[in-house]
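First chain A sits with chain B, and in the next complex the same chain sits with chain C.
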Partner chain A sequence: MTKVKLNGEEVSVEMPKEEFEKVKELLNREPTITELGGFDVMWSEHCSYKSSRPKLKLFEDAEANYDYVLAGPGEDAGVIDIGDGYALAFRIESHNHPSAIEPYHGAATGIGGIIRDVLCMGVRPIALLDPLRFGRLAGNSHAQWLFKYVVKGIADYGNCTGIPTIGGEVEFDDSFENNCLVNVACIGLGTIEDFKHAPSRAYNPGDYIILMGGSTGRDGIHGVTFASRTLTEMSEADRPAVQIGDPFTKKMIIEATLEAVKTGYVRGLKDLGGGGLTCATSELTGDGNTGANIELRKVFTAEPGMTSYEIMLSESQERMAFIVKPEGLETVLNVFRKYEVAHAVIGKTDDSKVLKVFDGDELVVNIPAKALSVSPTFKRQEKRPDYLDQLLAQPTPEPSKQIEEIIEMLIASENICSKEWIYRQYDHEVGVRSVVKCGDGDSGVLRIIGTNKFIAASVGVNSKHCYLDPYEGAKGGLVEICGNVITTGAKPMAMVNCCNFGNPEIPESFWYFSKAVEGMNDFCRSLKIPIVGGNVSFYNEDEVTKTAIKATPQIMIVGLIEGYENVITLPFKKAGNDILILGETKAELGGSEYHSVIHGIEGGIPPKVDEDKIKVRWDFISALYDKKFIKANHDVNKGGFIITIAEMCFKNKLGADLNLSRYNANDLRDDELLFSETVGRFIIETEPASLNDILLLASEFKVSVTKLGVILNQPKILIKGLKNQEISLDINKLKDLYDSTIPRLMDI
Partner chain B sequence: MTIKIAVIQFPGANCDLDAVHVLRNVVGVDTSLVWHNHFKEANFDGVILPGGFSFGDYLRAGIIAAHSPALDEARIMLKDGRPILGICNGFQILIEAEFLPGALLQNESLKFVCKWVNIKVINNRTAFTHKMKKDDVLAIPIAHGEGRYYTDNLKELEENDQIVFKYSTEDGSFKSEANPTGTLENIAGICNIEQNCVGLMPHPERASESILSPKQTTHGRIFFESMIDFIKRRLT
Partner chain C sequence: MAQMEFIIEISLENKPAARDPVAETIKRDLLAKKGYDNVSKVRSGQYLRLILKANNEEDAKEIVTKMCNALRLFNPVTQTLNIISVKKL
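Up next is the complex of A and B:
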C-alpha cells in the first residue's frame, strides 16, 4: 500500500508512488478518485503483466508465423482455423488466490471467467479442462477441504452451464499447502464467420454500448489488486474480494450472446472480468481507436447508493459488454429480452479517442482511451537459487524395499493414482461430442459434428521437475502434453500456457519464470507449435513461511485428428499383441515420484529434453499411424514405464509378459530403469505381424524402439531380465490400490 | 403426414441441442427447438423435456420449470395420449409437475455422478420402449446429482407396471453395485399409468451413436424410434 495526496486528501493505493506520478504526467493534472481507481487496477500485475511483459514478448509472433492462427497472444483467447470453415478458440488462466481463500466460489468463478473469455470470441464454449495443485492429502484436512470444494466448485459451475469438463491434471505437494493452484481452461467452437463478427474492439464511432448479464454489485471490488499480492494472514479479511458465481445466469448469457452474434448486428464483444467496466470500456475503445461517452447511472446495480468508483471497478460476475450497430439495436435487445437477461444501453462510441464517464452531470472519468493500457513495465532481477546445486547433486539411495512393494506404493501414491473421484463429478459427456472419455486416453477427444474432424486437448506440467530445472521442466511439460495429444492420434496444433510462480520481486522466483518462458519458447520454435495465448499468476508465495510454490508453467495443447479411424485409446486391446517402448530410458530420477514417495527426497538430475530426437520420434509415430500399426498408445509419465503398462492393462483386465534384458543400453540400476521419468517415451501396442515393418521403419528414422514383451490374457505383469530378480505383479491388486487412494482419503 | 417433435428449451436446459441433434440427424425426424414460453401443443405430435439445470435448479431441481406455461400445453398432450419424454432434468420437471409420481432426491453419495451404466427394460409397452424387449439390458450414461428415485407407493407403482427401467449389471442382475445413486429398487425410469409419458435419469440422446458409446452400442436410439412408431400407429 502506498499513501498519496489526491486533490488535497490522503488516499491509499496499491500502485507505487512513481506510477502515481506517471498517471499525473499522462493526464497533465491530478486524477479523480474514479480515474485513479482505474489506473490502480489496470496497472496491477494481474491486468498489465508489468513484470512478465518484457519476457512474454518472446511469444508474440504466432499470428505472423502460422497461417492457421487467427488470433494470438494479447486477445481474450487464442483462435486457430481447423478447416471446413471452423475456428477453435481456447485459453487458460489462473484463479489461485480466490480459491485459496474460498475454494468453492473461487473455483466456480474461475470457470465463469474462462468461459466468458472464450465466449467473447463469438464461439460456443464446448469443453473445460482444469489443472490443479494442492498440499498433500494424507492426514491434511486443510488440503482435503480445498480439494473437495475446488472440485465441487468446478463441477457445479461447469455441469450447470452444460460445458463438459473433458480433462485436467492434479499434483499434491507440500509447496502448494498454503497456495493451491486452480487453473481453468476452456475451448470454444464456431464458424470462422462467427469469430470475425465479434472482435474485442469498438472500432466504429456511433455504435451503442450495451451492458448485459448480472447486475453490478460491491462484490469483487479490488479483486485484481488482491490477486497481485502475496497471501497473508490478513487475506481472510479479503473474503469480500472473492466473487460469487451464478452458472444459471451464465448459461443464459451464453445462449443470448451466441444468438445476438448470429444477428450480424454485433460489432464488438468483451467480457467483464478483472478491472470490471473500467477494463472493458477502456480496452474496447483503446484497441478500436475510438472514444466513448458512458452514462454510469444507466448501469443496473445490485444495491442502491453505489459510488462511481464502485460501479466502474466492481468485478461482479456474469457480465458482457456489446458494441452494437445503431440499426440493429432493437433486434439485439429483443434477443436479450427473450432470454430474460438484464441489459442496459450505457453509452455510445465516438471518434474522440477519449473515454468519458458521466455520473449524472458530473464528469468522473475523462482520460485518453489508451492511457489505461500503457502501464509501465518492470525489468525484474533474476538469480539462480543457491540451493539448486546441492539439490541436483542428490544421489538416488539404494532401495531398501522390494521392487514389487515399490511399484505398489507408487501406483497408490497421490500423484499417480486414479483421478476418477474427480472426473466422475464432472459431466464430461454433455454436448454429445466426447469420443475419448476421461480415463480412456491421455487426452480428451471431441468430435466436430458435421465433419470427420476430431480435436484432442490435454493440460499439465511436472512441478517437481520444474523446481529442479525450470528450463528443461517447461520443455519436458511440452513433450508430455504434446505426447498426450499425439497418443490419441492427433497432431499438436497450438499451445496456451498459464505461468504460476512466486513473487516476481524476489530474483530467485523471477528466475524460475524467466527460465520456464525461455524453455517454452525454444521448444515451441523448434517443434513449430504456435503459442497463441497465456496468463501469468505471480505472488503464489506464502508471506508467513516465506515459501514459494514449485514453479508451475501449465501447458495446454490442442491437437487435430482427421478421421475417426485415426482416433487411438490407451487400454491394451488384445492378448498376444506386442508391447513396444519408444525412446530410451536414462538415469533421470530427479524430481521423480520414486524419489519423493520411496526415499522422501526432492533432488537429483531431472529429465532433459533433446528436441531433435523428440521431433523424429513424433514423425515416426505419425508414420506408424499412417500404416495403422498402433492399437493402443500411452505416454510414459510419473513413476516410469511399468506404471504406464499397468494402466494400459486395467480396463480390459489384461496383463503383460515382459523381458527387459534388451532394454537397458545405458546399463542402469533396476530402480533407475524402472522408475526414471525420462520424457518423450511411449508404450505402444502393435500386432506381431507388423513388428518387422516397424523395426525397419525405426532404423530408417533412427529412433529407439524395443519390444518389451507381449500382452497376456491374465491379469498379471511378469518382468524378467532385471539385474536382481524376476518380478510378478497382480493387476487386480494394483488396480485396487490405484482406484482406492483418493476415495479412501476423501469419502470419510 | 410429417411427424413433428418439439424439444422444449427451458432457461438453463443444456441437453436441448443434443436431443435436437439426435432427433434430426440420427433419427431423421422433423424437430423444433421451442423456447418454453412459445410452446404450443397443437403443432406437435410428441415432446421432449431435455436435461440440464432449468432455472439453475436453484430452488429444487425442476420445480420452477414445472410452473412454466409449457407444462400446461404438455398437459393437454398427456391427456390425449401423445408421447412425452423427460430426460434427467426433464424427468425431475415431470415429477414436480405431477405428470409422474414420486420424488427425486439427492444421490446417496451427495455427489454429482457422470458415468456409463446399464439399465434393464422392465416395461416394454410404453410409447418409448415398445421396440425394446422386456429384460433387454441397455448401455447408457447418467449425469446428475439428484436422481435417487423415491416413492411411498412402490406397490402401486409395481401393480400398475409403471417401473420402466431399473439399473442392473451388464448381465441383468440388480446387485447394489449396479445402483449408481442409491435409488429405490434400482429404479432409473418410470411412466404414467397410460404409458404415454416416460421419465428417466439416464440420457438416451447420449447413447444413440456408436461413436459416443464405450461399446459402440446405439441403445438410446430405440427410445426415439419407439416414439416415432408409436406416433405413426396413433395417427393411422
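Up next is the complex of A and C:
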C-alpha cells in the first residue's frame, strides 16, 4: 500500500510511488480517482506481468513456426487448427488466493473465469481439467477443509454448466498448507469460422459496445491487486474480494454468446475478469487501435448508488463485452432477449484512440486506449538458494523396511493413491464426448463429434522435483504430461502453462521462476511443441511460516488421435501378454515419493531429462502404434515402475510375473531400481507374437526396451531378479490400500 | 450454576455486498414473471434451530457462534451469521 496525494486528497493505492509519477507523466495531469483505480489494477502484477514479462520474452515466437497454431500467447486462450474445419481453444490459469480464503466460491469462480476465457474465443467450452495442491491431509483440519470445498466448488460449477471435468492432478505437501493452489483449465471446440468471428479486439469505429450477463456489484473490487500480494499482507477487510459464482446464469451466457457469434454480426468479444470493465474496454480498443465512448450509467448494477470507480473496477462474475456491427444490433439483442440474459448497450467505438467514460455529463476517464497496457516492467534479481547444495547432496538411506512393506506404504500414500474420491464428484461424461474416463487412462480423451478424431488432454508437474531443480523439473513435467497424452495414442500438439511461484521480489523465489521458464522453453523448442499461452501467479507464500510454496510450473498438453481404433487405455487386457518397459532406470531418487514417504527426506538428485532420447522414444511408440502392437500403455510416474504395473493390474484383476535380472543395466540398489522416478519411461502391454518385431524395431530406433515379464491370470505380482529377495504382492490388498487412503483421511 | 436449556434460532446468509444467485433467480424467474413485480429484493439463507444447554442467553449465543465458526457451518469470509432469537425452553 502506498499513500499518494491526488487533487489535494490523500488516497491509498497498490502501486509504488514511481508508478504514480509515471501515470501523471503519461496523462500530463493528475488522474481522476477512477483513472487512477484503472492504472492501479491494470499495472498490478496479475494483469501486467511486470515481473515476469522480461523473462517470458524467451517464449517469443515459440508458436510461430507451426502452421496449425491460430492464436498464441497474448490472446485469451491458445487456439489450434485440428483439421476438418475445427478449432480447439484451451487455456489454464490460477485462482489460488481466492480459493485459499474461500475454497468453495474461490474454486467455483475460477472455473467460471476460465470458461469465459475460452468462450470469448467464439467456441463452446467442452471440458475442464484442474491441477490442485494442498497441505498434507492427515490430522490437518484446515487442509481437509480447503481440499473438500475446492473439489466441491469445481464439481458444482462444472456440473451445473454441463461441462465435464475430464482430468486433473493433485499433490499434497506441507508447503501448500495455507496457500493452496487451484489451477483451472478449459478446452473449447468450434469451427474456424466461429473463432474468426470473435477477435478480442475492436477494430472498427462506429460499432456498438454491449455489456451482457451478470449485474455489476460491489463484490470483488480489486481482486487482482489482491492476487498480486502475499496472503500475509491481507486483512479481514480485504476479504470481500471473494466472488460468488452463478453457474446457471453462466450456462445461459454460454448459449447466448455462441448464438450471437453465429449471427455474424459480432466483431469483437471479451470476457470481464480481473480489472472488470476497465480492463475489457481498454484492451478491446487499445489492441484494436480504436477508441470508445462509454456511458457508465447504462451499466446495470446490483445495487444503487455505486460510484464510477466501483462500476469501472467491479469484478462481478458472469459478464461479457460484445462489439457489434450497427446493422446487426437488433439481431444480437434479440438473441440476448431470447435467453433472458441482462444486457445493455453501453457505448460506441470511434477512431479517437482515446477511451472516454462519462458518468452522466461528467467525464471520469479520458485516457489513451493503449495507456493502461504500457505498464512498467521490472528486472527482478535472481539467486540460486543456498540451501540447495545441502539438499541435493542428501544420500538415500539404506532401506529400513522390507520391499513389500515399502510398496504397500507407497501405494497408500496421498500423492500416489487413487483420486477417485475427487473425480467421482465430477460429472466427467456430460456432453457424451468422453471416451477415456478418469482412472482409465493417463489423460482424458474426447471425441470430436462428427469426425473420427479424438483429443487427449492432461495437466500436471512434479512440485518436489521442481523444488530441487526447477529447470530439469519443468522439463520433467513436460516429459510426463506429453507422456500422458502419448499413452492414450495421441500426438502432443501444443502446450499452455500456469506458473505458480513465490514473491518475485525475493531473488531466490524469482530464480525458481526463471529456471522453470528456461526449462520449458528449451524442451518445447527441441521437441517442437508450440507454447500457445500461459499464466503467472506470484506471491504464493505461506502466511504462517513465511516460506514460498514449492515451485509449480503447471503444464497442460493437448494431443490429437486419428481414429477410434487408435485410442489406448491403461489397464492390462489379457493374461499371457508381455509386459515391456521403455527407457532405462537411473539412480534418481531425489524428490521421490520413496524419499518422502519412507525416509522423511526431500533431497537427493532429481531426474534429469535427455531430450534426444525422449524424442526417439516418442517416435518409437508412434511406430508401435502404427503397427497396432500396443494393447495398454501407462507412463511411469511417482513411486516408480512397480506402482505403474500395479495400477495397470487393478481394473481387470490381473497380475504380473516379473523378472528384473535383465533390466538393471546400471547396477542399482534394489530401492533405486524400483522407486526411482526417472522420467520418460513407459510400461506397455504387447502380444507375445509381436515381441521379436518390437525388439528389432527397438534396435533400429536405438531405444531401450526390456521385457519385464508376463501378465498373470491371478491377482498377484511376483518379482524375481532383485539383489536381495523374491517378492510377492497381493493385488487385492494393494487395491484396497490404493482406494481407501483419501476416504480414510477425509473421514468419510 | 445449573445449566438451562435454550432454544436458539439462527440464519446464515451471504454478506450484504455478496451476490445471492438463489434469491436473484427466485425474484427474476418466478416472482417478477408471475406478476409480483412489487417485490424489490429477495435474499436467501439457511435457517437452523438448536436446543442446547447453557448458563444463560449470552452463553448460548457464544456457544453457537463459536461452534458455527470452528466447524465451518458457515464461512465468515462470504457469509454472516444472524442470531434471530434465543429463548429459555
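Heads up, the rule we're going with is that the second predicted complex is superposed on the first by the 737 of 748 C-alpha atoms of A that agree within 3 Å, B and C clash if a C-alpha of one lies under 4 Å from a C-alpha of the other, contacts with A are read in each partner's own complex, and residues count from 1 in each chain.
One rule holds in what follows: contacts are C-beta pairs under 8 Å (C-beta built on N, C-alpha and C of every residue); 3 or more make two chains touch, one makes a residue touch a chain.
Worth saying up front: this structure is predicted, and the values here are computed from it rather than measured.
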Checklist entry - Based on the superposition on chain A, does the combination of chain B and chain C result in a clash or a fit? => result fit
Item to check | Partner chain in contact with A:R424 - chain B first, chain C second, else both or neither | outcome: first
Checklist entry - Which partner does A:D246 contact after superposing on A: first (chain B), second (chain C), both, neither? => result both
Item to check | When both partners are placed on the shared chain, which of chain B and chain C touches more of chain A | outcome: B
Item to check | Which of chain B and chain C A:V435 touches, first, second, both or neither | outcome: first
Checklist entry - First (chain B), second (chain C), both or neither: which does A:S316 touch? => result second
Checklist entry - In the superposed arrangement, does A:V345 touch chain B (first), chain C (second), both or neither? => result neither
Checklist outcome for this item: Quick note, chain A centre (C-alpha) to chain B and to chain C: the enclosed angle in degrees to the nearest 10 is 60
Item to check | Partner chain in contact with A:A623 - chain B first, chain C second, else both or neither | outcome: neither
Checklist outcome for this item: For chain B relative to chain C post-fit, closest CA-CA distance rounded to the angstrom comes to 5
Next on the checklist: Let me check the overlay on chain A: which residues of chain A are in contact with chain B and also with chain C?
Outcome noted: 246, 248-249, 340
Next on the checklist: If we count contacts the way the header does, which residues on chain A are in touch with chain B in the complex?
Outcome noted: 155-156, 159-162, 246-249, 251-252, 338-340, 423-432, 434-435, 437, 440, 447, 449, 564, 747
Checklist entry - For the complex, which residues does chain C have touching chain A? => result 14-15, 17-21, 24-25, 29, 72, 75, 77-78
Checklist entry - Quick one: in the complex, what on chain A touches chain C? => result 101-102, 104-105, 145, 214, 217-219, 239-240, 242-246, 248-249, 302, 316-317, 340
Checklist entry - How about chain B: which of its residues touch chain A in the complex? => result 11-12, 14-15, 17-18, 21-22, 25, 35, 51-53, 55-58, 109, 111-115, 141, 143, 145, 203, 205-206, 209, 211-212, 214
